[in-house]
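Alright, structures below, take your time with them.
Next, two complexes with chain A in common: one pairs it with chain B, the other with chain C.
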Partner chain A sequence: MAATAVSTLERVESYLPERSLRIEELAEHLGLRRAALGVFRKFYGLDRLRFDPDLPLSDLLRPAARAALATLPDGAHVSYLIYAHTTQAVAPPDVEVAQALRADLGLESAEAFALSQQACVSSLGAIDVAGELLRADGDPDAYALMVTGEKAYSPVVQHVPNTAIMADAAAACLVTLDGRGDRVRSFVTRTLGEYAEWLELTPEQNTEFGERYGARIAEVINQALAEAGLALDDVELVIPHNVNLLAWRQTIKELDVPAEKVFLDNVPRYSHTFASDVFVNYTTLRDEGRLTDGAHYVLVSVGLGATFGAMVVTHHRPGEPQT
Partner chain B sequence: MSSSVDTQGIDKVRDWILGRHPDRTELAPDVNIIENRLVDSLAFVELVYAIEDASGREIDFDAIDVEDFQSLATIERAFFS
Partner chain C sequence: MTDRQEVISAIEKGLAEVLERQLPDITEDTRLFDDLRLDSSSVLELLLLVEDSTSAAVDPETLDIDHLRTVRSFADYVEGLLAAEEGRT
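Here is the complex of A and B:
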């Protein structure tokens, strides 16, 4: 297999716990006061989210992962299982989630590891890493499975002040090289280490980060498009993370595109589900028949720390000829 | 409420916005403060508190619209008139 083989997303699946809450039902738990709740609902566009503290992490991760694995072709095998998460500590220190997931999924022959260094961009980063590993191996029957999903186990994790309310969801993406699925055209990230303190930034840093947020997202999107040899006009939709509508409104202004070009329908439905957002949104669009064969899409996320990431893919429905 | 008190109210909001931007000394009433990132998404809750503090009233979120926060002129019309 050539070193230039293209990563392809063979199957994307997502899972949302059934327990759905209005954000007001979390106000006491998160210590949200009236004004903050009003801003989250009215301006940030949040309404409902999925949150089930009684659901074990393994039960959150399993359904999407199994659904993706069910599409693995005969004769193929999973060489890598990559668990991509945002929060560095997602389980007690004696639990290796990636290893536990490997056993749970019956993927004993796969190499399993976790990535979290790019926070909410880690899932896109994991797709990139999966492609690099598969290219290095050169095994034409090899696949990688990327899995996301984590629990907002503490109010400190669940509420990003003035920004987002985190929610439960999981996703999985089956990756191979030169397959029949969505072709990854480019992936660009930019990490700004000056924001490494996450929620402990100074007020000045927070102001600067917020003011330049949209411009920085636009930079990585435009760079990813340039590397893919495309322009924004060529893109059917931007499939973003669900941080909030106001941040995206400023980004849309920066990109100078119609608001409809960015898929934001799931912000009021699911809120921000850590590294799962873009894949949850992808499955929503696909299941609604809104992904067009041969069309280009940009998957975008931002991670605290701070990493801005954009991946350009060209969608291919299973069974459709490649273009 | 007298018009001078109203003016003081919107002046407080203007001062709060300018206080976040030491490079600016003026803010025209019709400048879009969101699109020009004079108030970014991280600072919206603080803007709400600044308006409530200046008007002396809690904002009724059921009765307002995002457009009310576009500029000093819309803020004045919605909360200080």
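Here is the complex of A and C:
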């Protein structure tokens, strides 16, 4: 297999817990004033989210992972299981989530590990890493399974001041090389270490980060498009993270595109689900028949820390000839 | 009709609630981010509170945070909203 083989996304699946709340129901839990919740609703565009403290992490991760694995062709095997998450501690210290997930999914022959260094961009980063590992191995029947999903288990994790109310969701993506699925055309990240303190930034840093958020997202989107040899006009839709509408309005202005070019329908439905948003949004669009064969899409996320990431893919429906 | 002083009073009242402390003396030149150390969320909280206590109606689609940097620009923005509101009724 050539070292230039292209990573392809063979199947994307997502899972959302059934328990759905209005953000106001979290006021006491998060210690948020009425006006603060009003800001999240009116300006940030949040409404409902999925949040089920009683659902074990393994039960959150399993459905999407199993559904993606069910599409693995006969004779193929999973060489890598990559668990991508945002919060560094997602389970008690004696639980290695990637290893537990490997056992749960019956993937004993896969090498399993976790990635979290790019926070909410880790899932896109994991797809990039999966492609590199598969290219290095050169095994034409090998696949990698990226699984993402974590729980907003504490108010400290759930409320990101000035930014988001986090919610529960999971997703999985089956990756191979030169397959029949979506072709990864480029992946660009930019990490700005001056924001490494995550939630401990000074007010000045927070303001500056917020003010430049849209411009920085636009930068990585444009760079990813340039590397893919495409322009924004060639793109059917930007599939973003669900951080909030304020940030995306700012980004839409920077990109100078019509608002319809960015898929934001899930912001009021699900809010920001850590590293899963892009894949949750992808499955919504696919299930609504809104992904066009042969069209180009940009998957975008931003991680605290801070990493800005954009991946350009060309969509291919199973069974459609490659273009 | 709400006059300028009423808008400024609504801003002062909102600021005391957002900052959860007694306000220092503020003037129209007071900078909300730099002098009072509000962040983007608390400035928006202030805007919601002022919206509640006047009849201004903010459209989140057209809001520009630059309108909210000083007490003067904040009050100008709210007065603009009120004038637009009056024009409609």
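Please note the rule applied: the second predicted complex is superposed on the first by the 323 of 323 C-alpha atoms of A that agree within 3 Å, B and C clash if a C-alpha of one lies under 4 Å from a C-alpha of the other, contacts with A are read in each partner's own complex, and residues count from 1 in each chain.
The working rule: contacts are C-beta pairs under 8 Å (C-beta built on N, C-alpha and C of every residue); 3 or more make two chains touch, one makes a residue touch a chain.
The shown structure was predicted, so the numbers you read here are calculated from the model rather than taken from an experiment.
When the two complexes are overlaid on their common chain A, residue A:L177 makes contact with neither chain B nor chain C. Set against each other, chain B and chain C differ in how many residues of chain A they touch, and the higher count belongs to B. After overlaying the two complexes on the shared chain, residue contacts for A:A275 are found with neither chain B nor chain C. Of the two partner chains, both chain B and chain C are touched by A:E211. Of the two partner chains, chain B is the only one touched by A:A247; chain C is not. Contacts of A:V39 after superposition on the shared chain: both chain B and chain C are touched. Of the two partner chains placed by superposition, chain B and chain C are both touched by A:N162.
Common to the chain B and chain C contact sets on chain A are residues 35-36, 38-39, 42-43, 162, 206-207, 210-211, 246, 249.
If you check the complex, the residues on chain B that touch chain A are 20, 34-35, 37, 40-46, 48-49, 52, 58-59, 61, 64, 66, 69. Chain A makes touch with chain C in their complex at residues 33, 35-36, 38-39, 42-43, 45, 161-162, 203, 206-207, 210-211, 245-246, 249.
Those residues of chain C whose C-beta lies close enough to touch chain A in the complex are 17-18, 33, 37-41, 44-45, 48-49, 58, 60-61, 63, 65. Per the touch definition, chain A reaches chain B in the complex via residues 34-39, 41-44, 162-163, 206-207, 209-211, 213-214, 244, 246-247, 249-250, 253.
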